[in-house]
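Chain lettering (A, B and C) follows the sequence in which the chains are written, and residue indices restart at 1 in each chain.
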Amino acid sequence: MQKLRIIKDRVAQGTMFSLTILSILLVAIIAIGLYLKSAPVLDDKSLWTLLFSSEWRPMKGEFGFLPFIMGTIWVTILAILFSLPISLLTAVYLTEYSKPIVRKFVFPALDILAALPSVVYGVWGVLVIVPWISQHLAPLFVDFSTGYTALAAGIVLGVMVIPLMVSLFVEVFTTVPVELRQASLALGATRWQTAIRVVFRKTLPGIIASVVLAVSRAMGETIAVLMVCGCVIHIPESVLDACYPIPALIANNYGEMLSMPFYESALMFAALILFVVVLIFNLLSRIILYRLEKTEK
Amino acid sequence: MNIAHKKKLKESVAKLFMWTAILIFFGIVASVLWTIFSKGCKAMSWDMVTQLPGGGFYIGKEGGFLNAIVGSLYIVGASTLLGLLISIPVVFFLNVYLKKHSKLAYVSRLAFDVLFGVPSIVYGAFGFTIMIYFGLRASLLGGIIVITLLIIPIFIRTMDEATRNFPRDILEASFALGATRWETLKVVLRQIAPGIATATLLSIGRAIGDAASVMFTAGYTDSIPTSLSQPAATLPLAVFFQLSSPIPEVVDRAYAAALVLTIIVLILSITGRFITNKFSKNKV
Amino acid sequence: MSIEAQNLNVYIKDNHILKDVNIRLPEKQITCIIGPSGCGKSTLLRTFNRLIDSTEGVKIEGKVLVDGQDIIHSGAEITELRRKIGLVSQRPCPLPMSIFGNVAYGCRINRMFKKRKQLIYHVQKNLRDVGLLDEIKGRMHTPAARLSIGQQQRLCLARSLAVQPEYILADEATSALDPISSKTVEDLFVSLKERYTIIMVTHTLRQALRIADNVVFMYLGQVIEAGPAQQVFNHPQEELTQKYLAGAFS
């Protein structure tokens, strides 16, 4: 009886251990899988050509990813420009001014925003943001725009990362001890001065890490962006140009690529770029955030 | 005195900015919900959620998107079950078998956080490659596998957060009675049940709404799949494909499908918050 | 020039923390507030500079007069009030910046100086006043968190003094320090009373005996007895005070 219990414990431990290791290895497996699949195109072309050429002619076997990389960068920067001020100010208000009534409404609203699926944001973008850009905003600057632009994608993505950013900021700001805030207030500082000069200064690494996390989330977002970005293969020159970020490229072409040589491999390479960048960004920012959490405990 | 005034003015300006930010935030939430609900309610009918697409569905004839609803439920149900089966042992291992500051625990948490950040399109592309390798076509099984991979990190990290706050004394009390760690699992499970519930709701929400990963792996079909090897339609893809149609009736169906999706997700989210609130009240 | 509380009642959520407090604290002297822990000493202190405002669910009734002005209800400029009343808390709490930055912080916040030279001179003067200037020579611009706890506490005092307050509130300012640092800080307070009105919360009776000019004894949110130190210590009027001084409860 006693022996059986101990054996049971051992077996359970072994199973759990292997499950844990297996899940961790998933990171490596994904990386290796994507690399093996993109090896053919990597053998055929130099990394430099793939990343910095803007010639995209799959029929002729030319795969220059620059337009897609630039599209991703444009959209991501616009998304952060849009969401950062809103998220930062909201988070400061929530943590530094903390009116219970505001918290009571903001947090559930954040929950809702975080829960809505990407495709719903896409619908919203198509119905609200795209017409607004083509009818009201774009006519001020250019003759004609369909509204399906980098700006539309940026705004929709920005909205999507707001809940992530706000909750990360709130978490980061609450690691600052109350005594530190009181020390500043007791010297006659206003709450805003305290937030800028003490809280921001103390949590700067955490703020940066949170933004980087939001950036990596924005870069990989697919469906919503695909629905509003316009999908024209060129390097965007203004926010009112259409663009074609990497995730949209993969989603749009994956089904029909089997007939062309190297095409599948090239798309896998696109996924690999995305994976590597997101992996690095995530690792860095998580490590910073862990450290911040630890010093406060 | 002058300086005090200046400080006060600055503070007021800052407050004004913050209020503006919060108003924009609420404006966005309201705009999204209003858009989905107003468009969706107009397009909604009983047939939409009870009928399969009929002949000529995609040129505006009758039918509904029951296929997508059922497909989503199949995939989400199966992958949630699978996800729970895999995640609970891992969470338990991280929190009971490993010491608090173990290297392995640190690396695992980091790995799951990173996996959580991996874009779903990458999961989709990776999953598709694996499927081709094993000779699978786009199918219900493929969708289930990829969605399971997608939600495991969410499961683990959410449950892990709930378990980490769990008092270690209870573990020690259980060990002190001579229970093995495996037997202690039951004690822990009961304690973190609300955490598991919220994690499950969160995962379901993510699983049901994700389109990019099921695009290639589950495929799309007008009928309800009867075996694991048949392709399955999903709600997000029903929205996505029908929205780009030039025919207004078909676009309306996209709105209706978006409404159904939104309502499901809202219910999940509200229930989740309710459980968390209730749980944290009981705790202290 | 004084702090006075009239019929002061403070509630936090449903708890009645301060009950009908009526005291007047004489200027340019050290007043020690004593009493067992949880009697409302710290709350009283934090009401004087309205730091209590940041506590959730707080309600204040009655008046607190600082220099004759009611600070609770008159819509007084709170930051100006806090500048006028320095606070040294229980644990030293250096801001996340250099030693120089810490002392200069309040001056910068309040735009006290136009020229950097004046600011530097002012910071040095205040560091000298707390005896830190020589100890930290050449380390002015290193993070304040690297100082020892005792030095940090003196830095916090210098930081408070740098905004030229009229009052100093000290909340068990020596309880986290080692005996030697504790003595240094205590001596500093004694030397400062010529220029400032000092109100100290202390849980060590000995400290109060050593440095107090006035004593306020509180118990369960009420002021039981207040008056000159000698009178309260040597001839306590109330039975509770006698018991406390005799060490009946702590």
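In this text, contacts are C-beta pairs under 8 Å (C-beta built on N, C-alpha and C of every residue); 3 or more make two chains touch, one makes a residue touch a chain.
Predicted model only: the values in this text are computed from it and were never measured.
*Asks:* Indicate which of the five shapes (line, ring, star, complete, other) describes how the chains touch one another.
*Replies:* Per interface graph, the chains form a complete graph.
*Asks:* Please tell me whether B-C or A-C has the greater number of C-beta pairs in contact.
*Replies:* It is A-C, judged by the count of C-beta pairs in contact.
*Asks:* Work out per-chain C-alpha centres and flag the one nearest the whole-protein C-alpha centre.
*Replies:* Chain nearest the overall C-alpha centroid, as shown: A.
*Asks:* Most remote chain relative to subunit B, going by C-alpha centroids?
*Replies:* Relative to subunit B, the chain with the farthest C-alpha centre is C.
*Asks:* Just the number, please: Cα centre separation of subunit A and subunit B in whole Å.
*Replies:* For subunit A versus subunit B, the centre distance works out to 16 Å.
*Asks:* For subunit B and subunit C, let me know how many angstrom lie between their CA-based centres, rounded off.
*Replies:* From the centre of subunit B to the centre of subunit C is 52 Å.
*Asks:* For subunit A versus subunit C, what separation do you get between their C-alpha means, in angstrom?
*Replies:* The answer is 48 Å.
*Asks:* Which residues belonging to subunit C are in contact with no fewer than two other chains?
*Replies:* In subunit C, 79-80, 109-110 touch at least two other chains.
*Asks:* Please list all residues of subunit B that touch 2 or more other chains.
*Replies:* Counting only residues that touch two or more other chains, subunit B contributes 7-8.
*Asks:* Show the residues in subunit A shared as contacts by 2 or more other chains, in ascending order.
*Replies:* Residue numbers touching two or more other chains: 190, 193.
*Asks:* Which bits of subunit A are touching subunit C when the two form their complex?
*Replies:* Residue positions touching the partner: 98, 100, 177-190, 193, 197-198, 201-202.
*Asks:* Give every residue of subunit A touching subunit B within the complex, in rising order.
*Replies:* 5-6, 8-9, 12-13, 15-17, 19-20, 23-24, 26-27, 30, 33-34, 37, 85-86, 88-90, 92-93, 97, 102, 105-106, 108-109, 111-124, 126-128, 159, 162, 190-193, 213, 216-217, 219-223, 227, 247, 250-251, 254-255, 267-268, 271, 274-275, 278-279, 281-283, 286-287, 290
*Asks:* Which residues of subunit B touch subunit A in the complex?
*Replies:* Contacts found on subunit B: 7-8, 10-11, 14-15, 17-22, 24-26, 28-29, 31-33, 35-36, 39, 86, 89-90, 92-94, 97, 104, 106-115, 117-126, 128-130, 149, 152, 156, 180-183, 185, 205, 208-212, 215-216, 236-237, 239-240, 243, 254-255, 258, 261-262, 265-266, 268-270, 272-273.
*Asks:* Spell out the part of subunit C that touches subunit A in their complex, as residue ranges.
*Replies:* Result: residues 49, 51, 54, 56, 79-80, 82-83, 85-87, 89, 91, 93, 95-97, 105-106, 109-110, 156, 159-160, 163 of subunit C touch subunit A.
*Asks:* Using the touch rule from the top, collect the residues of subunit B that touch subunit C in their complex.
*Replies:* Result: residues 1, 3-4, 6-8 of subunit B touch subunit C.
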